[in-house]
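Shared between the two complexes below is subunit A, which pairs with subunit B and subunit C, respectively.
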Partner chain A sequence: MDWIFLAELTVNGALTGLLYSLVAIGLVLIYKSSAVPNLAQGALTMLGAYVVLAFSHNLGWPLWIAIPLAVVIMFFVGIGIERVALRRLAGRPIVMILMMTMGLDIFLRGTTLAIWGGSSRSLNLGVSYDPFFVGDMLLSRIHIVGAAVAIAIFIASVLFFRTRMGIRLRAISDDYLASWSVGISVEGGVALSWGLASIVAVATGVIWGEVQGVDQSLSLLLLKGLTVAVLGGLDSILGAIVAGIILGIMESVGSFYLDAIVGGGSRDLIVAAVLILTVMIRPHGLFGRHDIERI
Partner chain B sequence: MFYRLSGVHHNSYKSDTKMFPVRTDRNAIIFLLLLGIAAPFLIPSLYLNGYILPWLIWTAAVLGLNLVTGWAGQLHLGYGAIMAVGAYSAVHAARFGIPWEFALLIGGLASSLIGSLFAFTALRVKGLYLALTTLAMQFVMDWVLTHSPAISGGSHASLQAPTFALLGQDITSDAGLYYVAFGWCVLVTIFMLNLKRTGLGRALVAVREKDFAAAILGVNSFYYKVIAFAASSFIAGVTGALLVATFYFLAAPEQFAVNVSIQVLAMVIIGGLGSIIGSYMGAALILLMPGVVNQIFSGVAEFMGLEMGVETLAHIPNAAYGALIVIFLMVEPLGLGKLYANVRDYLMVWPFDQLKK
Partner chain C sequence: MAQNETNLDDLILSLNSIEVMYDSVLLAIKGVSIGVPRGGMVALLGSNGAGKSTTLKAISGLLKAERGKVSRGDIRFDGKLIGDISPQDRVAMGICHVIEGRRVFEHLTPDENLDAAAPQSMSRRKIASEKERMYEYFPRLADRKSSQSGYLSGGEQQMLAIARALMTQPRLLMLDEPSLGLAPFLVAEIFGIIQRINKEQGLSVLLVEQNAIAALEIVSHGYLIENGRVVMHDTAESLKKNSDIQEFYLGGGEGKNFQDIKHYSRRKRWLS
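Let's look at the complex of A and B:
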């Protein structure tokens, strides 16, 4: 076995995994504050990428204006979604909340494609496509940039959870009623978490849009993001990062060996298997809070 | 006016366990049944086989999912995969030369077997995690279908279904296929109508409301969860097989992909959890909506003189479908069944509303 090659698979897998973590962080931010599994995160990611694309290509504005503008718009989109759709469903059975986010997913995807069309376009971030050599290993530059963004968002969110607002969000995620009774605006906190998740969706959309082009397939990242979030524990941001690296490596190395046996396309199978095994063996994930509940 | 009742009152246990405590309900159902039997003579065959037949088959599927999600309260996002198991095993059995009656049964039992595996997940987890596991199982099933030519039928990934036949008679006429779908849908509906009168149905409801409270009352919650998954999967399997046999005529993996699972769940939710009449209405709404929305939009575009791209028109039904789900959950989370129940409750004692109080 060629060790360099294995190392290359591992490092590239870890970098791709960190890109999955971006999706997972968005999911975790919302789940942490309101216990809503946001199945529309994939569609939000796609919408974020398309908004950037609309500014930078259709209007011809430079990216350094387009991306911040998209961040602001998506922040309010996220808050709007929470205000209009999710707030009414607070306290309803989980099946309705899940269905609501799935409906949002279908709606956002349909609307985005109806407005901007489905043909794949690239963002042209200006990151070179030349491979980056570390020793003999070939790495992709955009993956390195994306991984750096993921780490940066992780650090930013860790710092954010130490600010006054962040502590409020932590209190909300601990106990709704107790937060209410000490005067924390739970609704405001939950809305803020949706806004933040939408900002993360813009970052995810930009990076993934550069990796694979901006089209409908961006919304398919949901399953990988969801798997990473569950593996790391649905309410742990550190978990999202660690699980992203783990899943990325498993996917990259595992699919290399499995593809030879089953004839290609085993990546999705590995992801689904990891999701099922995590839920069966350790539903609260690697770092998630373990709420003891009888089944 | 319609019901001429002053409320529903019972004087004996026998009247309490009647299937239709209100006579008007029974008459309405008999009327609808007759309408269903007469449909081939009333409706042109294009509409009969293009709209009514798939509607009835999907309704049977929705009733099956309602059994596990609405009655037993177990989330299920892998329903399409279960239908696929039934469809593929039945079609393979029929191609092997087994008569369709037994092929359908084989499809149902195969689905039941696989579906019961899902129930073992329900032993470990519930709520969100159950939903995620069933979703992952759906993806595994999709993968298996698309990656095993032996099942999905070679390089074209489509499997021709042999001519449908019952009791040795080939069924090819439009009316014949319609009656098959109608018969199956009526069977499932009768099963579901009776479910709430039986111990099984009450046990399922107990498990849904609070499984450990049910356990304290002596209801073995795991046993009933397995029963719910197995029964619902059986319905799903036969429905999937009939869908291929009478409507699609060939089986392909994308007919049972993850979006189909989500669509059936949307039908259940829009119809109303645990509502039988709602299942009919939810299936009708979701199936008809894309066509209607497309008509409206192209009509409006033509009227206003707007230029709309092909791509825009192609994606608008999807957006409207999502919007429908979102709006329904915002306005009436309990679905069309609840809307119907509101109207019915109002008319039940109308115009003597004061009697209700």
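Let's look at the complex of A and C:
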């Protein structure tokens, strides 16, 4: 048994897992304020990457301008989604809103495909691909950068939900009618959560765009993100981080051993198994509140 | 019977023959007129399904969340028509509705419940002093201010729902069946606090209750609503003496068993 190799698998798995956490945090931000799992978070991530790409490659602007600009634009895209697509659904059954986010996912994928085509492009963040050793372990620099971004966004989110505005958003997801009754702007709160989730989508899109190139497959990150969010508990930011690390390690170490037996492709099986088992055994996840079916 | 000599200017709230429709077909309120004097306490009594909650929702604007609509008549707060104002702006004007079923924010602490309801423009210091005031009114909440609100007792949740509403700085507080499911001593405690705030702060109160005994002890006037219509309006004193009220709401009917009363109530609807 090669312990260094196992350690390397574990650490790289945890780092990749933290990149999944980025997607999950976007989901949790919206769930925590409106109790809706946003099935378009993957597509938003992809859109975020394309917007950065449009500024940096199509217009040739430097990344330090392109990324902040994309953040601002995507924030308003998120706000706009609430205003145009979701506001009229306020108070409707949760399935309606869920279907709307799914429609949004399809719409965003179709639109980006029409504009940017299907070929993969690279972002060129400038993160070096030279081998990076910690002790004897070989690690990926971009994954380390991504994990740091995930931790930073985690801390910012935790702090945000303790502010007055953050408390209001949590109140909305608890009971929107009671929120209305004390004058909380439910629509404004939900819009803000979409705006914030769209900002997180830019960060996620930039990191993942660097890892695997910018193309339609970025939208599939939804599946990993959703699995992590469900495992962590849909309304728990901490859960998104912890579950991301757990899923990442299971995927990396597990697939190494399983692939040898089944001959490859076991990563997706592991993700599917985690999702299904969580829903069956512990539907509120590791850290989620118990009555997640309430709206 | 109706003693409506109160000048309109003295009313903080007046409803002028309003009708409310749900889903554009179901007429739940059929011409209700009521008034709440400035600084006064008024009760709205009636049995299940009479239209009490619907009336409050029409006033607070929460009807919109249930696809309900005021289809006729007008509602004035402080003399201003409020029909087209959003629920949020009505709260800002000073109307706050404590909805039925003490719906506190269960996953927030009582302290956070109060924070959530504080107006956006309220300063940090003012929020802190307002919260102190609430804990002074409701000492039971002070002891539990950092626990999860979903685990508070029914009485504590009702107190929290009222304190949360008071954080919005209302001039008119509307309470929908605050006594529901609470032990009599708790009802007395809560009503006592409401009465105290009414006296000290001049807060106007519109109290919806099925528990007429408790309600008529603290209000000056009461309206009785049946089938979406006001069928009686009088001072609390006269209402307490009224034989019909005694029979159906105070449990004072003698020599009649429950079945007789139900039967009787179907025949007689107080519709003269």
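FYI, the second predicted complex is superposed on the first by the 288 of 295 C-alpha atoms of A that agree within 3 Å, B and C clash if a C-alpha of one lies under 4 Å from a C-alpha of the other, contacts with A are read in each partner's own complex, and residues count from 1 in each chain.
The rule is simple: a residue touches a chain if its C-beta (ideal position, glycine included) is under 8 Å from a C-beta of that chain, and two chains touch if they have at least 3 such contacts.
The structure presented is a predicted model; accordingly, all values stated were derived computationally and were not measured.
K.L.:
Under the stated touch criterion, which partner chain does A:G118 make contact with: subunit B (first), subunit C (second), both, or neither?
P.N.:
After superposing on A, A:G118 lies in contact with subunit B but is clear of subunit C.
K.L.:
In the superposed arrangement, does subunit B or subunit C reach more residues of subunit A?
P.N.:
Residues of subunit A touched, subunit B against subunit C: more for B.
K.L.:
Please indicate which partner A:R289 is in contact with in the superposed arrangement: first for subunit B, second for subunit C, both, or neither.
P.N.:
In the superposed model, A:R289 contacts subunit C only, not subunit B.
K.L.:
According to the stated criteria, A:G91 is in contact with first (subunit B), second (subunit C), both, or neither; which is it?
P.N.:
Touch status of A:G91: second partner only.
K.L.:
Could you look at A:I167 and tell me whether it touches subunit B, subunit C, both or neither (first, second, both, neither)?
P.N.:
second
K.L.:
Counting only touches as set out at the top, which of subunit B and subunit C does A:S185 meet: first, second, both, neither?
P.N.:
Once the two structures are laid over each other on A, A:S185 reaches subunit C alone.
K.L.:
Given the touch rule stated above, what does A:L275 touch, subunit B (first), subunit C (second), both, or neither?
P.N.:
first
K.L.:
Applying the touch criterion given at the start, work out whether A:I65 contacts subunit B, subunit C, both or neither, answering first, second, both or neither.
P.N.:
Neither: A:I65 stays clear of subunit B and subunit C.
K.L.:
Determine, under the contact definition given at the top, whether A:A156 touches first (subunit B), second (subunit C), both, or neither.
P.N.:
Neither partner.
K.L.:
Which positions of subunit A sit in both the subunit B and the subunit C interface?
P.N.:
Dual-contact residues (subunit A): none.
K.L.:
Using the touch rule from the top, collect the residues of subunit A that touch subunit C in their complex.
P.N.:
It comes out as residues 90-91, 164, 167-168, 170-171, 174-185, 289.
K.L.:
Using the touch definition up top, name the residues of subunit A that touch subunit B in the complex.
P.N.:
So the residues of subunit A touching subunit B come out as 37, 84-85, 88-89, 92-96, 98-100, 102-111, 113-115, 117-118, 223, 226-227, 230, 262-263, 265, 268-269, 271-273, 275-276, 279-280, 283, 294-295.
K.L.:
Enumerate the contact residues on subunit C facing subunit A in the complex.
P.N.:
60, 62, 65-66, 87-88, 90-92, 96-99, 103-108, 112-113, 115-120, 161, 164-165, 167-168
K.L.:
Which residues of subunit B touch subunit A in their complex?
P.N.:
Residue list for subunit B touching subunit A: 69, 75, 121, 123-129, 131-133, 135-137, 139-140, 143, 146-147, 211-212, 262, 265-266, 269, 273, 309, 311-312, 315-326, 329-330, 333.
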